[in-house]
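Letters A, B, C and D mark the chains in the order given here, with residues in each chain numbered from 1 onward.
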């Protein structure tokens, strides 16, 4: 999310906008303009802005900064729907990452980013460099990354290509984060046909900083020096930004930029060096050279600071001979930073970098004429008014119209069954579905204990870490049920925030803010833009209701492949404050004899449910309408109950409904030495609804908690105060015992050892021979 | 007949090779002056049964295309032992 | 003069090579019959400046002994390009 | 008070974890940069986990040439305590301070999870607070954790009682050997017991809020350790 920007830009007409083309460079023809993904309107505006035809270098600069990825030209107006303010907000959208205030002078910086297209082309490097980019966004704010999460979407694991992408992405995410030494505390993976050919790879990073160390990427101080720090610049990923802004096709295959290779070792050195530079007050500003590399980092820092910059591409250390200014400006070589420092500090900056075995090279300076000027040695190859370059990309307001077939799917009913699925088998089928089954196969490849702050690692509702030396902690999660968004974008958007908040609250933490990664198809298609607008409205309304401002995020459009647009997937990354951290609550039952309590009411909503999808192969119906007041009441109740120490466990009901939630609580965590049985009587609960709705309906605002018998009264009272329905359903049973449900009709009973095996083997058995897949 | 095949899979030219960089740096630090342009890849040895040397090479190349090398990031070369 | 050197570092024979096994299994599954005895190691390419081919080889061997191969688990071979 | 030097290589990432665990048992812990050659009167040197030099080429292969290693060799030769954890263990093997080598996990992927260990030898700097046969659960997090050596070396290691810990054999409720190590070896030491290498991470199982606290015994051992020889 670009903007808001500081206003003191020098508006005086910038002098000297002359530039010459670089020797051997193609001249700018209509074809060349189109190749750069610039339409006539945009090109005309460029010419007006310069008062002449641009040089090829300038065209490349515009095509990068005016790409969807950098300019948000289709999404800006919609993103304004989001609430971005609140008492905790230290930095909202517009910087490398958002920042929220925490107790004791601490603050949390967090952000989520997509790396979908690169991962579709090269899953391992695409995912790895995605993690690298989001880490840099966070530590350039002056924050030390303390957790990463990853939200992944693939097509069915029955197809070799999808298994290959899944395996490669997970290995890439793991190898990068493991090497840098940031624990992965959570994430999500789901599988649906809509992602075949266009997987989604979203990475989130959470960092901690002292409030006074908060750093903003704003160049200022005329005469200050620009330095590139880190890796040499190669021809990697030239045009990555515009590549990320078009559909995957033969055409884009041909234009595919050279694959970016991640170097997590250099990243680790960059991390340490950057934090040392910031905390020792040696620099004015720093920004990651991400999409559109040197171009966007320098132009955006200048625009934010309302100044001009002049850089000499001839000074940039390159990996290959004979790179042109065009290539140097647009290269997306990884593990590079752009730093602004006062001239007299440069030697000290270089000394710090040298200690960390990195080079820091001066390549330019901050100027007062507001011009973004690039020279290659003597020759000026680009001279563009800085503020308009970053801000004046045309903004589009595409048509939004719901697709007929979406309306039809919502109105549809599942094919009438000759015989309903057997309710006992149904649960086993759901636990074996890769989207619902344990993701242990995934998170076992991710270091989750490094840094010694992990309190609850992957495998529970939310990851929890403690802030060492304090009493408090943070809970983190990412969530989105794209099936719901596809059927009803507005309710689906609300549901994504609600599920994230439920996951956070189940851990005992108070939701304090979100970052969002909006993965959609081609916004120029009315039905896609409808999904986008409605989903954003839903996210916005939920965030208002929960008082969780949106502090930043990322928009990824053009997630289309020959098979069509991906399911609309607005991934919500949420952070919660856990005070005290010792009040944290896990999601599995703990103690035989504990009382099992169901919080919230069940109307039995099967629209868009996993039950219909997995058992009837039917994706349709009206998804549950999310009752934001009820969700908020449940969240506040869970937080209060955790603080009061009333709960031994809490687990939200989401995909698969009440039955899956109960089963997961019984099965136990990934490394539990045993499962736990339970005896529950649901006959007094939700009497009006049919059995399959009771078990597998996906109504929101519900959680399954367990507590010591002595705590039941207090919990019930607290629930009443929060207006949350309570139902004492039964008690936790013997280790490795049976899960037994008294329901209208014959009693249901499962062997929890068997359920545990199904739940944890579902993905490993499908990936057993993935090494042969391509 | 069967042939012993040596496959060398190297990072594409132009692509960053952090491993090669690290090794080059380390060799320098160890005082091996004049060692440069280091690239690190994978060496794969296998026995292929085929009617002729050419067939063995052809099959090995198929294996590289299908499995042994990543066409997006790697180049390979095949040698047949005699 | 400078020479292009190809180093092959392979897991010691007798030592379990799970990577080789995985590749062998995958080849079989992909229908490549008659591919066997697969071993996976490291291929290292570098340029060595030396007065003669023999000197280049000698220096490359020193590099292997010092750094490029682990004597506990690996064997290496050196080839000079011409 | 016992002085514990935690050596930081470029790419070390469990350096802070080692410092925190040492402080938990009342030791005075401080960092030593890999380019330094002065251990500042350390009683114990810890080579922490991480990815020194990115684990490029082989884990520990490049770090073992760092300037600090000479001082560590001398420290060990004088009977001083040296503890290598994960990447530190790999470095000690590459440097020849410990036998064997650590190679790619048998399942070929990085593995991060708790594992169950049995204490095999207690007369060492890192295990003297345990009894032989004690079982502990601590996390592993490694891609190259498979301990290998030729049969003769393995026999010698066992004969000289140099196996520090073993992974438990598979069984219900057990998290067994995660990497295919020969003879289930999860850590070794030199015959004198002052130089130890351990693949799992006891430093991540010491805090009251962590899943397991059984890693603390390793650091209690460290704090209780008396140098074998009067340090010259």
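Here is the rule we use: a residue touches a chain if its C-beta (ideal position, glycine included) is under 8 Å from a C-beta of that chain, and two chains touch if they have at least 3 such contacts.
This is a predicted model, so every value here is computed, not measured.
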Going by the stated contact rule, which chains contact chain A and chain B alike? C, D
Count the touching C-beta pairs: is C-D or A-C ahead? C-D
Between the Cα centroids of chain C and chain D the separation in whole angstrom comes to 30
In angstrom, rounded to a whole number, how far apart do the mean CA points of chain A and chain C lie? 41
Between chain B and chain D, the Cα-mean centres are separated in Å by 35
Chain B and chain C, separation of their C-alpha mean positions in angstrom: 9
Which residues belonging to chain D are in contact with no fewer than two other chains? 53-54, 56-57, 61-62, 65, 108
Per-residue multi-chain contacts in chain C, two or more chains: 22-23, 26-27, 30, 42, 67-68
Among all residues of chain A, those touching at least two other chains are 263, 265-266, 771-772
In the complex, chain D residues that touch chain A: 10-11, 13-14, 16-17, 20-21, 49-51, 53-56, 108-114, 139, 141, 143, 172-175, 201, 203-204, 207, 209-211
Touching residues of chain C toward chain B in the complex: what are they? 2, 6, 8-10, 20, 23-24, 26-27, 30, 32, 34-50, 59, 62-63, 66-68
For chain D, which residues count as touching chain B in their complex? 53-54, 56-57, 61-62, 65
In their shared complex, at which residues does chain C touch chain A? 22-23, 25-27, 29-30
Quick check on the complex: what are the chain C residues that touch chain D? 11, 14-16, 18-19, 22, 42, 67-68, 70, 72-73
